[in-house]
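Each in structure tokens, the structures are laid out below.
Both of the next two complexes hold subunit A, though its partner changes from subunit B to subunit C.
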Partner chain A sequence: MEIPILKIDNCLVVSIQGSLTDTAALDLQENLARDISQQEPVGVLVDLTAVEIVDSFVAKVLSDISSMSKLMGVKVVVTGIQPGVAITLIELGITLDGIRTALNLQKGVDFLRASY
Partner chain B sequence: MESMQEINVHLENEFDIVSARQAVRNLSKSMGFGLVDQTRITTAISELARNIVLYAGEGSIYLRAINNGLRKGIEILASDNGPGIVDINLAMQDGYTTSRGMGTGLPGTKRLMDEFSIQSSPGEGTQVVVRKWLR
Partner chain C sequence: MELDQILTNNVEEIVHETVTKLKNLGHPLTNKLEYSVLSNRIRKLVNQSVAAIKSGVDEGFINYMDDIILNRSGEGYSFIDMQNIMTVLRDKFIEIIERECYEQPDKIVEYLKVIINFTGESRICMANAYIKVRENTIIQQQQALNELSTPIIPLFDKIVVVPLVGTIDTFRAKQTIERLLNAIVSEQAEIVIIDVTGVPIIDTAVAQNLLNAVNAARLLGSTCILVGISPDMAQTIIKLDVNLFSDIITNTNLKKGLETALNMIDLEIKPRKKE
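What follows is the complex of A and B.
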């Protein structure tokens, strides 16, 4: 169950669908690191529109993906966090302060486009 | 308290965590919980299920619809025979982790649910019971 990493213009796009296993989340992090290094994108967009829950483990991986991409010199934006997911994350005590987010895919693409 | 239906999910790997999430999502949805409460309950169970797989290796989650005469609700028991928790007060503190996680699992789960109780003793496992009532 590998999550596809797509390239459009000079950005990498990941759309996470449905229920994520822990291994799939960790694999995504490693595969993204590899693709960032090989494909030299300007930005990375991770879309969560189709994700129904984000627990503390997935939040940690998202946070790590964001830090990792920044360290490699690539802008990251996480898009489409659903209302129930946002409320739940706050109650869990997770604010994901270090992560750039956008309301939806379009606004995320606009943000990355504005920066290159 | 009258019990209606009970579902048992055995946990020993990460796919079982996904199964537990799906089972509780389906039950809470069929009971009439709103989307945000479904998300709260499902996330809470994901945290409890991961704790079992991570710390105890295996265990079970029992889901059932409950009724206290006034309100309907959902009750989840997460039970394992793992090493147990030495200091529950410490485990309930935000930011405390022994697994490089975020340290939000147990205190976060408590905030997501209406009722939370935990029993654990070293060498004898851990039992967590959480409830959420229909509004």
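What follows is the complex of A and C.
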């Protein structure tokens, strides 16, 4: 199942629903990189509200997606990380350093809006 | 005559003499209990012991020991107090064997061996029972401690406070992080103030646990403010050479932390205007 990358105003929104397979995660990384370079958005918002569980591979890919987007010069905000997911990430040593996080989609959108 | 038979025939004498001897020794049980109550208890112990001597130390005897030790330790009698009763009882058993079997020296040897074995085993039972009681107490206290420890207080809209008290071991840290994260989600808290005023010592493990809490909260989208680091703790952190807290907002005390927090969400505390 491919994860849709939606465009609102000048931003790309990725909302991940349910569990993420390894291939879907890698596809997302590739598609997002392509879309960023083609559409030149100001910000990217990754919403993880509906993700209850991540494994080490998906966690790494999510972290990579965030760092990659930041590297390509767009503002990144990750929203709605669930407690269980946060604990997994911390235990894996993934702290998403330098990447903005927000409690929910609304706050993430507010943050991106404020930056352009 | 069989050993258990000899002892059964002399139960009343054993009970009476044991109680008397305990009284002479000034055993704490004799200070608090009437003669009749104490002798009933001793009679029960003698009967159980005779049964165990006859058929070996079985589950029934172990359960009986667990039971009395649970009650006695609850009443405040120590392990030594209970062992002393066993010693008096053993001496009395030996005395009776010597008297009843004086014509059969080989029987005496045989029966003494049985008595020695039995007292040894019963002492182990007793020790085990005491350990069980202690372990239960420890488990109960740990549960009580876990329930008491680390409340997570919604202080104001979007602000929660975590007052940490006592040593933060990994188990507690994990539990606290879990509860903190759930509180952040349910309260939609943007700011978490972690107050470490009540944390007496800090080592690398505690520091790492604190850092994990801060990072986990950050992943959810809240900002952590660490307050109440004591001078000693600051010195230790420097000596530990952990550069852990360089990225974290720190404030001297909870008051300052609250000011910072309110400032971050564009609020302030002001005196009310006089009419």
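Everything below uses one rule, namely that the second predicted complex is superposed on the first by the 112 of 116 C-alpha atoms of A that agree within 3 Å, B and C clash if a C-alpha of one lies under 4 Å from a C-alpha of the other, contacts with A are read in each partner's own complex, and residues count from 1 in each chain.
Here, a contact is a pair of C-beta atoms (placed from the backbone, for glycine too) under 8 Å apart; a residue touches a chain by one contact, two chains touch by 3 or more.
What you are looking at is a predicted structure, and each value in this text was computed from that prediction instead of being measured.
On the superposed subunit A, the positions of subunit B and subunit C stay apart, so the two partners fit side by side. Within the superposed three-chain model, A:L96 lies in touch with subunit C and out of touch with subunit B [touch as defined at top]. Contacts of A:I87 after superposition on the shared chain: both subunit B and subunit C are touched. Once the two complexes are laid over each other on the shared chain, residue contacts for A:E52 go to subunit B alone; subunit C is not touched. When the shared chain is aligned, no partner comes close enough to touch A:E30: not subunit B, not subunit C.
By the touch criterion stated above, A:S19 is placed in contact with subunit B alone, subunit C being left untouched. Looking at the shared chain after the overlay, A:D110 reaches neither subunit B nor subunit C.
Touch criterion not met for A:D9: it reaches neither subunit B nor subunit C.
Contacts of A:K60 after superposition on the shared chain: subunit B is touched, whereas subunit C is not. In the superposed pair of complexes, A:E40 makes contact with neither subunit B nor subunit C.
Closest CA pair between subunit B and subunit C after superposition: 7 Å apart. Under the contact criterion defined above, the residues of subunit A that touch both subunit B in one complex and subunit C in the other are 82-83, 85, 87. Chain contact summary for the complex, subunit A toward subunit C: residues 78-83, 85-87, 89-90, 95-96, 101-104, 107-108.
Those residues of subunit C lying in contact with subunit A across their complex are 177-178, 181-182, 184-185, 188-190, 212, 215-222. The part of subunit B that touches subunit A in the complex is made up of residues 14-15, 17-18, 21-22, 25, 35-36, 38-40, 42-43, 46-47, 50, 94, 101-102, 104-105, 107-108, 111-112.
Those residues of subunit A that touch subunit B in the shared complex are 19, 21-23, 52-57, 59-60, 82-85, 87-88, 91-94.
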